[in-house]
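Could you have a look at this structure, given as structure tokens, before my questions?
Note that the chains take the letters A, B, C and D in the order they are written out, and that residue 1 is the start of every chain.
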Amino acid sequence: MDLSLFPQILLNGLMIGGIYALIASGFTLILGVIQVFNFAQGQFYMLGAFIAIAVVTNLGLPYPVAIIVALLATAILGALLYFAVIQWTTRSGFFNTMLVTVAFGTIVAQTAMLSFGSREAVLPPVVPGTLSLGGVTIPNGKLVVIAGAVVVMAALHFFMKTRIGVSMLAASENRDVASLQGINPKRVFWITMAVGCGLCGVAGALVAPVLAASGTMGSTIFIKALLVVLVGGTGSMSGALLAAFVVGIAESFAFHFVGHLGLLVIFVLVAILIFFRPGGLLGKPLPVPGE
Amino acid sequence: MSLLTLENVGKSYGRLEAVSGLEFSVDKGTVHSLIGPNGAGKTTVFNLITGTIRASCGRIVFDGEDITRLEPHKIAQRGIARSFQQTFLFMDYSVLDNVLTGFHMRDRAGVIREFLHTRAAREADERAREQALEIVDFMGLSEQKDELAGNLPHGHQRALGVSIALACDPTLLLMDEPVTGMNPTESNEMVERIRRIRDRGVTVLLVEHSMRVVMDISDMITVISYGKKIAQGLPDEIKHDPQVIEAYIGEDTDAA
Amino acid sequence: MKKRYWIVMALALALVLGVLGVACGKDEPTTSTDAGGAVTTAGAGPTETLKIGAMVSLSTPQGLEMQKWLTMFAKIKNEAGGWDIGGTKYKLDYIIYDSGISDTTQTRSAYEKAVLQDGVKHIVCTWTDVPAVAVTVTEPNEVLWMGLDFSPDTLKPEFNYTIRAQCLSFALGAAYNMQKYYVDKGAKTSVICDTDTLQSQVGNANWAKSGELAGLKELEPITFPNDTADFAPVATKIKSLDVDLVEFAYVNNPDQLVNLIRALYDVGYDKFIYPGLIDPEMLANIISQVGEEYVEGWSGMYYDPRGIQTDPEMLALVDRYEQEYGELSQEGIYWIGPWFLFEEAVNATQSIDVDVLTEYLKSMDHGVNTICGYTQLFARPDVGIMGTVDSAPGHYMYEILDGQMVAKRTVSVKDQYLVSIKALGVVEPFQKYWEENGRPTFPEEESLFDFSDL
Amino acid sequence: MKTGTDITKKLVFAVAVAVVLALPWMTGPYTTQLFILTMTYGMLGLSFAFTIRVGLPRFDSAAWWGVGAYTTAILMTKADMSFWLTLPIAGIVSMAVGFLIYRIAIPRGMMVFLMFGMVIALAIQQLFGSVEFFGGWGGTEVIEAPAIGGLVFDGKRELYYLGLGFLGFNLICYYALMRSRIGRSWNAIGQSVKLASSVGINVVRYRMANVLISNFFLALTGSFYMAFSLVAVPATFGLDKSLNVIMYVIIGGIAYSLLGPLVGALILAFVPEYMRVAAEYESIITAVVIILVVIFLPEGVLGWVSGRARPWLLRRRPWVRSVGSKNKEPESG
């Protein structure tokens, strides 16, 4: 093995891991608190990227503003999704709600396809150039993504310590306890939806200057995020964070050494991991609907 | 002679100890009550016994066999049945079907015969149905036997929960708050039934909030608080135990 | 009880009757299409409808673009009062169904709907259908199929109505041209980097062969899953191979191309890149990411006809497109090539009879101009097909100079044909064929290479 | 009155059977093909509805469908086996591979099973696509149509009856299984895992049996699919197909595990035929319709019909409306 490439591969893994972390923690938050399997997660990621690009190129606003706009826009859309659709379907069951998010994702994806078509969209690099460390070239853009992901995760960590964050956690632990403490579940639910979708939006905005955006970018990243949730343990936020980087790095190395079948290798590894550690790396299993 | 023995059983969630160093045993043919203030860990003890939760330490011995690490369905097959605190039923089944589900472990006709619906299978079905009817009758539900469980009034749902447990033909029946939320008439009926269950030779381990009921039917009482045993004895002894009284201070209304 | 029961009975009956209603009512194929040379009342507007089918995926940019072009062609014909074929004015109805993306079920449904229900007799233009499934519908129903196939599934002597009007595996001249360009600049080793798709599984081996012919040492191709978004691992792997040229042979998604080039730039890859199909807008995106010097001197294929195409008719079509739909997009424009072959065949035979058309196409001895240059059908003696059923399409090439795409050369049909024969190592059967039937005549186009040894 | 209803029942049944048998003679080949597809999707839906009874939603139905199709295709082309012989082998292969995978997933509960399903859907497709042996993304072709003696199943009508045979076999087996005591235990698990294990039901083993049986039938459907498709291409067996299968079940009515998937598949096969919208908007419109159906008819079309009348035909099988709607169980007291 060529050792000089090692840091490079590691860095690749860290970057994609950061993105997985945001998407997966948003997913696992929504799953834990509202018990909604949000299939449209990947589409929110795509929307985030397009919104960020539009804000910078069409409105001429600086990139950090674009991130915030993307966050707010996807969060509002997430809350709208809750009010318009999900609150009416949760009563009729877990699958019905999941199917609704699938349908919503289809609408978003096909609309993007029809409006953007083949036109890919990119932002110019925010911090152009590369950093050279002992013969290893590290593009600054990637460091920005990693840093951004870490900052957002930290912000999320502090958010979970606020009153509303605590009620979200309480609701995910035990519905009855939460309602006993005088928490309005509806408020908790829509805020959870907003936060979970907003996290994806931020992830999309973060990659906008690094990866060209397209209408199809959201579809598979969601499955990867699921993989992360499996590895991290369903319902565990810190598990998702750790697992995201583990999966990202493993994927990066697997591609390098196995090629396009690397993904299959990852699947097998995940299966083995789950066989030996049922709860994932850190996971404590959530109360699952119907179980 | 003790049927069920807990030896130094503990369960902790991270730093929080739900149950610690718990020791008590349940004698055969008795109604044994487990009481304690809210959050004392009574339901956790039930979950430990039935295997829904794995104990962090200690041993649970049932009928001479260590069942600490067995899976829930294996424990059920050993003869421990349970009725739940919440009304836990097969809501979309009729009352009779609910009870029939409890017959899961009794005479099986074999997969192929079941599949082909042979005469043997039909006869086994018929036998189970008769026995189920008997249980439904015993629990006073015969008038509602074709009603959907979800449509029953609360008291009847409780009774049905017990019926399902009885259908498993248990040696030990764990009952989690069987009379909570019942009116006095229903509650008296339930007390009467618990006695009759005991008289049928089924040992009963009971968690109950209503002191009146507990004092009324228990042969033995164990009191726990914050996951620890603080007292054990006959109803009269417990009534006057200073530790127990102290533990219940601050507990409001329904405790006394 | 009884009342409700009858209500449901009535409902169920209505449902069944409804289904049957659709079933029976709709399944009568409109037979107007094979009216052949029926005598018609002169002077009046179109009296017959000619239904032509196209099977494209409507969830890909290419498919959506093709839909636009094909509907436009029909519109042009109809505006002119219909298509005059053998004295009959035909109103043209282009029926475009969604074939899905390599989905056998959807392909079959789309084809059977067109053929069995709508009575379509000609399928002209396809994109991401499954040709192996398509022929199981078209062949037994005697439907002319002029589609696109990357696989060898449709190249069988026993097929009577199957014309591979668009195929890329026999269009290696363009690849060779580009590869030679880089060899002249000093490239020695090369690696093909591609999505893991059918196209690449079939195409990459051929590309490697033309690369070898041009004098490149081709390494094992690197493929990545079709939905990859982050290309840093791919770029790192390429970098570790230390090659002089990276070829993005069939990377079709523009965003993937931009990401790939960006990722290569990021890992410090500084040799040549064949960037595949890009358009000026993409180039601007790429330059915004990697700077102008990085892309200087790259060369690749190009589907935009403006600046190269000399045929005013074709340029008029481009203008018309821009009138109808706004700015021209490169996607899809290449894949509508079969339409021009079909148009030519119909005009030449003045017939829409499938047998007449296939006979004409199978003995067609000249090229046809399409928006993206000439295309020509030829025989495949190497697999035992002596009628002209496979195609060699011409290609435009560009070079990037000073951050601009400059249309440079046209790879002629003849070059495509000869290079492919040579690169694929099938010279012998072709030479034998030429001895018996004579060499094909090619359109008047400048030849870039010297193949006097063939 | 009782006898009267019985006679009507029989009459309706006879008419229904007659209509179903006569359909290919009353319709054209394209409509027959739509019915064949409906049967295929209906069978996939049956498998989903079958596992949902033990509370496990499968997102990999299309993957196992593909395993069946590929097993048949490869055995027929590479080992020159007859179509009929490949049927049980396909089923067994799908069960065996499934067993290895589900040994990990099933004991971990519904959520892990669900996510595993999605990952399997992706992995199996990737495996077929990128491994040379399976023919790559171009797929594997079968040239020969199945035949018994002189009867070759190559026309639409023949395939329709072949499909009916498969569908009938599916329905009979599922019905017999659900009626038996095993079926009752499965239902119990679907309604409450906790209660079911408290009465001594080995949840993991029962779920495993259920899922593997469902796997068997999925593979069988895959083999049947090869009989009329003749080509297996990986992209056909993607996650989107599995999602479609779930749509059939939910549109039909998740509580009706035998009739629901068939009705759902029938609706989704024929309704787009009426819709005369541009194809590129079709998926959007379908999605909107699904959202509306879920909101306004949460129990599906059959639930809606039987809400108005509840005859014997649509007798609601005892079963949770959908997992999670009832019996919310907190962790511990």
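One rule holds for everything that comes next: a residue touches a chain if its C-beta (ideal position, glycine included) is under 8 Å from a C-beta of that chain, and two chains touch if they have at least 3 such contacts.
Quick caveat, the model's predicted, so the values are computed rather than measured.
Counting hops only between chains that touch, subunit C reaches subunit D in a minimum of 1.
The most distant chain from subunit C, with centres taken as the mean of CA atoms, is B. Once CA atoms are averaged chain by chain and compared with the all-protein CA average, the nearest chain turns out to be D.
The chain pair A-D and the chain pair A-C differ in C-beta contact count, and the higher one is A-D. Averaged Cα coordinates give subunit A a centre that lies 32 Å from the centre of subunit D. Taking each chain's centre as the average of its CA atoms, subunit B and subunit C sit 72 Å apart.
Chain centres here are Cα averages; for subunit A and subunit C they lie 37 Å apart. Subunit D has its Cα centroid 40 Å from the Cα centroid of subunit B. Within subunit A, the positions touching two or more other chains are listed as 110, 114, 220, 260, 263.
Taken residue by residue, subunit B touches two or more other chains at no position, since every residue touches fewer. Chain contacts: subunit D has residues 126, 130, 192, 194, 280, 283, 320-321, 327, 329 touching two or more partner chains.
The chain pairs satisfying the stated touch condition come to A-C, A-D, B-D, C-D. Partner subunit D is touched in their complex by these residues of subunit C: 2, 4-5, 7-9, 11-12, 16, 19-20, 22-24, 26-29, 58-59, 64, 67, 96-98, 100-105, 108-109, 112-113, 116-117, 130, 132-133, 136, 150-151, 153, 196-198, 201-202, 223, 225. By the touch criterion given at the top, residues 18, 41-44, 46-47, 50, 52-53, 71-74, 76-77, 81-82, 84-86, 88-94, 97, 100-102, 104-105, 108-109, 111, 114-117, 121, 124-125, 150, 164-165, 167-168, 176 of subunit B touch subunit D in their complex. Against subunit C, in their complex, subunit A makes its touches with residues 2, 5, 8-9, 11-12, 15-16, 19, 110, 113-114, 117-122, 124-125, 130, 137, 139, 141-142, 207, 210-214, 216-217, 219-221, 251-252, 255-256, 259-260, 263. By the touch rule above, subunit C contacts subunit A in their complex via residues 59, 61-62, 64-65, 196, 222-225, 227, 229-230, 232-234, 236-237, 239-240, 253-256, 258-259, 262, 266-268, 281-282, 285, 288-289, 329-331. Subunit D contributes residues 1, 5, 8, 12, 19, 23, 26-31, 33-34, 37, 126, 129-130, 136-139, 141, 229-236, 238, 241, 266, 270, 273-274, 279-280, 282-283, 305, 308-311, 313-314 to its touches with subunit C in the complex.
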